[in-house]
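Lettered A, B, C, D, E and F in written order, each chain numbered from 1.
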C-alpha cells in the first residue's frame, strides 16, 4: 500500500479526527466531530417518555435525523425546508444513523426514555454519514450519562451494549483506500460504508459498484481496511469520552 | 443445510419465480414478476430525449420509482399520495433499483433516450425490492428492444452490458437462508440484499444486523448463498426473454 | 343501431367483462376487474372500529380511493405521491366511488366497522371509474362475507341493500353508444357516467356536454342505453360472486 | 306544487337573485352574486397570452377556481392554504365551473388570451356552486367586453356563444323543489345540479341519490324544474348585463 | 403640511373609513372595513373551549389569519392554497394582527373561549394590514358581546381592556404622510405601520427604510402623524360600535 | 442605570461579541458570530448571474434565509424540513435579514451577481436575529471582496454603501436594557429590534408591547440604548474585517 493520495495520507490512514464535546449549551449530549474537512454537529436530546405507540412497553426509543447546512458543500444547495420535502439521500442517511446507534442500545435498559440524535453537517468533504455515526455515538454516550445522573435511567442499568463507529472505504485506480474525502469519493470505482461495533462486529455493510461490478476479493480487501479503521475510531471515541 | 422452512423449501432454494411479459398494453416494457407470494408489476417507459440537464451529452438516462399498493400488505397502508410525501423506505428502494439497473446500462450506447422503470408492488410477501430489480431488468430489456426496433437507438448499439438480478439472504436461528418471505424476514438476525450481474459481479451489497452484529464468516456464507441464487435468477431471466 | 365501432361492437354492447376474485392474498375482498383494455385492481380492506368522529354511533364507514399506476396510460404520468398532491380528477373519482358504494350499504347493519375500497388502475382504456365502481362492489361483497364469517358483523345483519354497477355512455357522430373505450371517449360530443343499483334505481347521473349542449331527447336515449348496460353488469356481478 | 317551504317560497320559485357588477376596483370583470343567503364574489381576470402549452394554437384559455372564506359557513372551516392542500370538494367545483363556462366560449374567437374566473364564497347558504357559475358568467361577459374595448380581442370576434347558468334541484319529502338553501339541501333525498345555456341546452347534469336511488320519473320532474329555473336566471343575467 | 396628494387629501388626513357590521350572516362578529379603495372582510369566530395546550389554564385564546383574494390586487395572484404554502408576507401580517388584538384582550376575563379573527382582503389599495387590525377590533368587540349574551363569558367579566387600531405612515418626497394608498406606498422612502390603543399607548411600531436610512427626527414626525390618525380611528370605531 | 442583570452586565452593556471568519471551507464568506450564548453560522454564497426575473437589469440580488438547528434551544424543536413547511417566525426573520442587508448594498454596483446569506443558529440564547444580521454583514463583506478578487464585480465598483448591524433592547421591570438574553427576553414588557447603519441611520425599527402598551418616552429611551449598542457593533465589525 504505497499509492499517493492528494492529502499525503497512506491508503490505510484516517484523516485527522477530532471530537469536541459540549459544543452546544443545552443538549444533553453534543459533539462536533471532525474527519478532516468534514465537520458534523451531533446533538443528543434526551426526553423522558416515549412516542405513544411505545408507551407501556418498558422500552425506550432512539432515532436520528441528518441534514446539511446549505453551504456545507462547494456550491449552495437549497434547504429541504424551503423545498418542502426531504430528499431521498437525507432520509436514507437518517435511517442508517438511527439503525447504527440502536445496534448498541439495549432499549429495555434505557427504560421509557427517548433519545433523538441530530446530525447537522456544517462542512462536507466526503464521509459525512460515517462522521455522523461516529460523532453521534459520543453524543449518545453523554446523553445516557446525563440520564443516569438525572435518575431517568435506573441505577445499575446499562443501556449501552458497546460502542459503534463507521468509516468509508473505496477502490481508487485499483487500490483500496480508507476514509475518502470528496475528491476521492467521486473517483472511486467501488464505494463502501462499514458500520462496526467497538468489539469488531459488523452492524451495517453497504457497498456499491459506482462504475464496474466488484469481486469477492475486492470486497474482502475493503472490509479488512474498514475493520482496521473502525478499530482506530473506537479507540479515539474511548479517549474522547474519558477526556 | 437441512433446516426446515415454513414453506418446505431448502435453505438455498428460491421461491417459485415467474415473469409475465407484456402485462400492460402500452408500456414499451412490462413485466409482472412473481417471487412466491410477492408480485411486482414492472414497467419500462421509453421516451426519446433526456432531462434538460443531460441534453447534448449524447448519453441517456435510466431511473426508477418503487411503490406499494395500499393493500399489498397484511394490513392496509395509507397512500403516500394522500399523506403528501414519500417515505424514507420508498425513496431508498427507488434509488437502489435505479442504481442497480444503471449498472448494466451503457448510457452512451443508449443515446439521448430516457427509460423510467416503475415497480409497483401488487402483493408483498418479503423481498419486494429484489423482485422489483429482477423484474425491472426484464422490462428494461424489452424496452431497449423496442427502442432498437423503433430506430430510437442506433443500429448496432448495445445499451445493455449484461443482466442484473437481486436476492435477499438472511441468518435465521443461525442458518443462512435464501430468498426470505415475510415470516422469515421479521425473524432474521441478519438481513442482506445482494444485487449481482449475470456474470457474477457484485453491484450492491447491503447487509444489516437486525439483532446482533455479524461476523466476517457469516457475511461470507450469506454472499455464497446469494451468489448461487442470483446465478439461478439470471438463468430464469434469460429464459423469460427468449420465450 | 347499426353504426360501426372500431372494435366491432354494436352501439349497445359492453366490452368483454371479467372479474378475478382473490387477486391479492391478504385483502378481505380483492377483485381484478376487466372492461376490455381497462383493468382495475379493487381491494376491500375490512377493519373493526370506525374513525373517531363516528365512534359510538353504532354505524360503520365505507370510503374509497382511486389511483392510476404511472404507466396505465399511453404515455407515462408522474406519480401523485411524487408531485406531493392529488389531482382534482383523482379526488373527484374517489369521491364518486365512495358515494356509489355507500348507496348500497346499510351502515347501521354494518356495525362499527370500516371498509376502505382501493381501486388502482393497472391499465386504462376508457371507463376506469365505471369499471372501478363495478369491481369494487364485488370486492365489497367479499369483504362483507369475511366480516360475517369472522363475527365482526352481527349474525343476521344484512349490510348490503343491493348491488351497484356503473357504465359510461356517450354520443358519437350523433349515435348514442355504450361503454366507451379511450378512442371513442375523446371523440364523444356528450359523455355520461351512470351508476345504478341492481334493481334499476339511479344512484348517480353525471352528464357533460363535451362539445355542444345536449337535449332532453339525447339525455333520455343515453339513460336507456345505460340502464340496459347496468342490468347486464348486475347479472355478471351476481355470476362472479356465485362462482 | 303547494308544499310549504321554510322561507315561504313555492317549490318552483328561486330565492332573491342579485348581481352587483364592478364590486372590485381592478378586475376586468367582477360580480357579487346573491342567491338568498348565499353570496359569491366572482372575478374575471383577463390577461393577454396563454399558458405555454397553448401557445401558437390561436386559441384562448378559460379556467376557474372556487373557494370559501373560513367563516362563510355556520362554523368556521380551516383555510385550505393553512392545511396546505385543496380538498376534493373544492377541486370538483372548480373543475365544474371551468367546464361550464368553457361551454359558452369559442376559444378561437377569444384568441390567445386567458381568462381566470375566481369564485370566492363570502356567505354560504346552499347552492354556492350554482350561484358561482351564474355569477361567473356575468363577470366573464364584462371581461370579454373589456378585452374587446382594449383591442385584445379582434374586432368582430364573438367569443361568447351564449349565456350559461346553473341551479340546484332536489326532492324533499317526495316533492321536487328548486334552488335549495342549506336547510333543504341536507334533507334532500336526491340532489341535482343542472347547468344550462340560455337557449335551453344541457351543459352538465349531476344527480346524486343522497338516501335512496331515484327513478326516471323523478329525474324528469327535476330536470323540468331546473329548466324553468335556468330560463329565469338567463333572463336576470341579461337584465344585469344591460343595466 | 400643504403637499399635494393624488387623491386631494392633506398629508395628515385619513382616507374615507367605513365599518359595515354584520356583513356575514353566521359569524359572531363580522365587519367589512373600508379605508378608501382597500376593503377587508373581518370575521370573528367565537367558540367555547381552547386548544388542548391551553386547557385548564382558565384563560382564553385569540388568534388571527390574514389572506388576500386572488384579484384584490391590480394583477391576479395565485392562491396560496393552490401553491400549497403560505407566503412569508401573509404569515407576518397574520401574526401582527393576532398580537395587536391580544394587546387589548384580558384572556383571563375571556375565560376558556377561543376567538379566531379572519381578515380577508377583498380589494387592496395599500394599508391592508392596518385596515385589517382596525376592522378586526370591531368584529372582536361584537363577538365578545355575543359571548356575554350567550353566557359563555362570565357576567361582569371585561375581556376588552381597550380598543386598538392601526395606521400606516410614510415619508414621500421628504414629507411625512398619513394612510398611504398603493401609489404612495411604492414611492415612500420610509414606511411605518403603527398600532395603538384607544388611549394612545403604542402596541407595535414597525418602521422600514425602503430606500435610505431614516433619522430620529423623521421617526418622531411619523409617530406624531400616526398618533393623530389612530386617535381618529379610535373615535370612528367607537361610533361604529354604538351605531 | 444601575439595575442588576443575571449575567452581571450593566443595562447598556453588550454581551461578549465574537466574529470567527472563514468557519466553513467553501463559502465565499463565512462567519460564526457569537453574542454571549447565542451563536449563528452565517455564510454568504456568491454566484454569478441573477434569477431570471432580474436578468438584463444590470443589477444584482441579495437575499437571506434563517433557520435554527433543532437543538439550538432548551428543548428540541422539530425540523421545518420534516414538518414540510416553514414557520411564520422563520420567514419573518429571513425577510428581515434580507431587507437589512440590502439596505447597505448598491445592487447596480454589485452587477448581475447573486449573494445568498444563510444564517443558521447553532445555539440560541436570545437575540438570534440581531446576531444573524450583524454576522451576515461580515460574511457579505468577505463575499464581496471575493467577487472583486475574482473579477465578477467590476474594478472600482463599490457594492457596499456602508455597514449594518442590529441589536435588541427591552424594558424589564421598568428599566431599558440592551442585548437581551433569553431569560430577559421572556420577561420584557416591551421588546424592540433595531437595525442601523454604521453611520447611525435607522434601517428597521420593530417594537412590540409584550404586556402593556408603551409610551413615546419609553420608545425614545430604547432607541438611545440601541443607537449606542449598534455603534459599538459597527466598531467590532470593522475590527473583525481588518483582522
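The definition used in the following text is that contacts are C-beta pairs under 8 Å (C-beta built on N, C-alpha and C of every residue); 3 or more make two chains touch, one makes a residue touch a chain.
Chain by chain, the UniProt names read as follows: A, B, C, D, E, F = Ribonuclease PH.
Quick caveat, the model's predicted, so the values are computed rather than measured.
Q: Could you give the fewest steps needed to travel from subunit B (Ribonuclease PH) to subunit D (Ribonuclease PH) through chains in contact?
A: Steps on the shortest route: 2.
Q: Show me the overlap between the contact partners of subunit C (Ribonuclease PH) and those of subunit D (Ribonuclease PH).
A: Chains that touch both subunit C (Ribonuclease PH) and subunit D (Ribonuclease PH), as defined above, do not exist here.
Q: Going only between touching chains, how few steps reach subunit F (Ribonuclease PH) from subunit A (Ribonuclease PH)?
A: The distance in steps between these two chains is 1.
Q: When the C-alpha atoms of subunit A (Ribonuclease PH) and subunit C (Ribonuclease PH) are each averaged to a single point, how far apart are the two points in Å?
A: 51
Q: CA centre of subunit A (Ribonuclease PH) versus CA centre of subunit D (Ribonuclease PH): separation in Å?
A: 59
Q: Can you check how far apart subunit E (Ribonuclease PH) and subunit F (Ribonuclease PH) are, centre to centre, with Cα atoms defining each centre and the answer in Å?
A: Their C-alpha centroids are separated by 28 Å.
Q: Would you mind listing the residues of subunit A (Ribonuclease PH) that make contact with two or more other chains?
A: In subunit A (Ribonuclease PH), 84-86 touch at least two other chains.
Q: Should the ring be read from subunit C (Ribonuclease PH) with subunit D (Ribonuclease PH) in second place, what is the ordered list of chains?
A: C, D, E, F, A, B
Q: In their shared complex, at which residues does subunit D (Ribonuclease PH) touch subunit C (Ribonuclease PH)?
A: 85-89, 91-92, 94-95, 99, 103, 192, 196-197, 201-209, 212-216, 219, 223
Q: Any idea which subunit E (Ribonuclease PH) residues touch subunit D (Ribonuclease PH) in the complex?
A: Residues 23-27, 30, 37, 41, 43, 45, 47, 65, 67, 69-76, 79-82, 84-86, 90, 116, 118, 120, 122-123, 125 of subunit E (Ribonuclease PH) touch subunit D (Ribonuclease PH) in their complex.
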